[in-house]
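The structure under discussion is supplied below as C-alpha cells; questions concerning it will follow.
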Amino acid sequence: VGPPIYQKDRIYTHAPPAGVSTGLGYLGNGSGAVMPVEAMSMPGKGGLQLTGKLGEVIRESAQIGLSWVKAHAYELGITQTPEEQFLTDRDIHVHMPEGSIGKEGPSAGTAILSAFVSLFTKTPINPDIAMTGEISLVGQVLPVGGLKEKILAAHRAGIKTILAPGANRADIEENVPESVKTGIKFVYVEDVKEVLHEVFKGQAVTERWKDTLSL
Amino acid sequence: VGPPIYQKDRIYTHAPPAGVSTGLGYLGNGSGAVMPVEAMSMPGKGGLQLTGKLGEVIRESAQIGLSWVKAHAYELGITQTPEEQFLTDRDIHVHMPEGSIGKEGPSAGTAILSAFVSLFTKTPINPDIAMTGEISLVGQVLPVGGLKEKILAAHRAGIKTILAPGANRADIEENVPESVKTGIKFVYVEDVKEVLHEVFKGQAVTERWKDTLSL
Amino acid sequence: VGPPIYQKDRIYTHAPPAGVSTGLGYLGNGSGAVMPVEAMSMPGKGGLQLTGKLGEVIRESAQIGLSWVKAHAYELGITQTPEEQFLTDRDIHVHMPEGSIGKEGPSAGTAILSAFVSLFTKTPINPDIAMTGEISLVGQVLPVGGLKEKILAAHRAGIKTILAPGANRADIEENVPESVKTGIKFVYVEDVKEVLHEVFKGQAVTERWKDTLSL
C-alpha cells in the first residue's frame, strides 16, 4: 500500500476503493470544496441510507442516481437479465464527508451516480477526476452554479480532470480565469452515459458498454 | 443521435425517451416555466417514488394519475386481461427537474398521466407538445390558473402545441395576448382520454385505443 | 357522448361513471360547496388510498364506509356468499376533487358510502342527487352542520334532490330560507340502508335489496 500521502485538500491517504467518486461543492460562505461521495453495500433488505448532513435536494439526488442505475442495471452489466431483481438482499449506504459540514443542492448528481456504478461494477475511480452536474431521472446532465469556486477548489487539490455540464461550457470558458483552470482537462457532458464512458475510460466495464450503453 | 441542441428553456439536448412529458408550471414569483415530468420503472415490488421537491398536492396528482392508468391498463393495451396484476414486480420513480425548485399544485395532472402512459406503452412524447390541467380520479380534466404565465413560458421555449382544460378556453381566448399565443396550436380537452388521443396522435397505440379507449 | 356541458359549479362535463357520488361540503371561509366523491378500483392487494387533501376525520369516514360495505357485501349482492373474501385482489382509491382544496369533517359519510356501493355494483349515481350526513359504523346517519351554506351551494349547482339526516330536518325546515330550497326535493334519512334505497331507486340493484337489505 505504501506510506500515507498527505495532499492539500485531499482526504484520502491512499487511493480509495470502488464506490468512491469526487464531487465539487459550493459552500454557503462563498468558497468551493472538493466533496467526495462514498457508496458502500452490505447484506440487507434493499434499504438506502444517506449520511453527511445532507439536505433534502441532495438526498433526492441520491435516489435519482440509484433509480437510474437500477433501471439500467442490465445495460451496465450488473444484472444478467433485464427483469432480474437488484439489491433486494443488500443495503446501500452513501456518505459524504466531512460529517460536520452541511451539504445541499443538486450538483452532486453525476458524482453520486458514478460512485454507485463504481461500487456495483467493482471498478475504482481515479481520484484525480472530479465532477459536478445535476442529473435528471432520464440521464440528462443539467447545469450548476458556483463554477469558479468549485474549479478553484479542484485546482488547489491537484485535480487533473473535471467533468462539467455542457450547458456550463460558455460560462467556464468565458468567466473562469485561466490561472484557475491551468493543468485541468475539462470534459463537457450532456448525458450520464457520457459521464460513465469518461469516468471509466480504459476500464474493463466500458468494453461491455460499447454494445449496451452507447451514446 | 446528432449534436446537442441548446434551445432556450429546454433542458434536454436530445429528444427524451418514453416516460417524459412536458408540463407547464407557475412559480410563486409570478413567472411561468416549462416543467418536464420524467417517469421511469425498474425491477422492484410495486413502489412509487416521487422526487423534485414536490408538495403534497402534486404528490397526490401522481397517485391519481397512476391509479387511473392501473384501472385502465387493459383498455390502454398495457395488460392482456382486465384482472392482470400490473407493476407488482416493478418500482416506479417520477421526477420533475430541476431538483432545487419547489413544485406544488394540481395542474401537472395531465402531464403526469401522459408520462405514465408514455412509459408503459414505450411511446415517446413529442417534446414540442406541452400541457396543463388538473385530473380527477375518473378522468375529468379540471381548470387551472396562471395561464398567461404558463403560455408565455411555453412560447419562449418554442412549444408548438398546448393541451389545456376546456373550462379554461374562454380565459385563454379572451385574456391571453395574441403575441403570447402566436405559433402555438391550442387543443382544449375535457377528459384524459382526449389528452391521450391527442398526445399520442399518429402513434401505434392510438390504433388499439380506437376500440378500447373511445371518447 | 355529446358536446361538453358547462354547468355552474358542476365539475363533470359528461355524466360521471359508477363510483362517483355528490357530497356537500362547508369550506372554512363560510361558504358551501358541491363536493364530488370518486371511488375507483384496480388490480391490487386490498389497499385503500385516499387523496384530495383530506383531514383525519374524513379519512376515517372513508374507512367506516368501506368497512360497512365489506360487512354487508353479501346483502348488497356484491359477493356470492356471506364468507366470501372481498377486494383481496383489488386496490381501492378514493379521491375528492379539487386537489388543492383541503377537506375535513365527517359529513361526507353518506356520499362516500354511496360512491363505494355505486362502484361495486357498477351502478352510476344520478348527478342531480346530492347528500350530506355522517355515518356511524353500524349505519346510523348522524346530523351535520353548515346546512344553509351546503343547500345554497346545491341550489346554485342545479341539484334536484338532497338526502339529509332526519335529525337535521327541523333545522332545515325552520332556518333555511325558502328561496334557497326552491326546486329541491328533500329526503330525510336515519339509516344508510334508506340512503341506498333512495340513491339507487329504480335501478336493478334495489330489486335484489328488497329481500336482503330491508329497512
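Letters A, B and C mark the chains as written, and numbering starts fresh at 1 in each.
The criterion applied here is as follows: contacts are C-beta pairs under 8 Å (C-beta built on N, C-alpha and C of every residue); 3 or more make two chains touch, one makes a residue touch a chain.
As the structure is a computational prediction, the values presented were derived from the model and not from experiment.
Contacts between chains trace an open chain of neighbours here, each touching only the next in line.
Superposing subunit A on subunit B by their CA atoms means rotating through 60 degrees, a value rounded to the nearest 5.
One simple way to say how far apart two chains are is to compare their mean CA positions; for subunit A and subunit B this gives 30 Å. Annotation: 53 Å between the Cα-based centres of subunit A and subunit C.
Of all residues in subunit C, none touches two or more other chains.
Within the complex, the subunit B residues that touch subunit A are 1, 4, 6, 11-14, 16-17, 19-20, 36, 38-44, 49, 51-53, 89, 91, 93-95, 97-100. Residues of subunit A that touch subunit B in their complex: 56-57, 60-61, 63-64, 67-68, 70-71, 73, 79, 83-86, 105-106, 109, 134, 136-138, 140, 142, 166-167, 190-191, 215.
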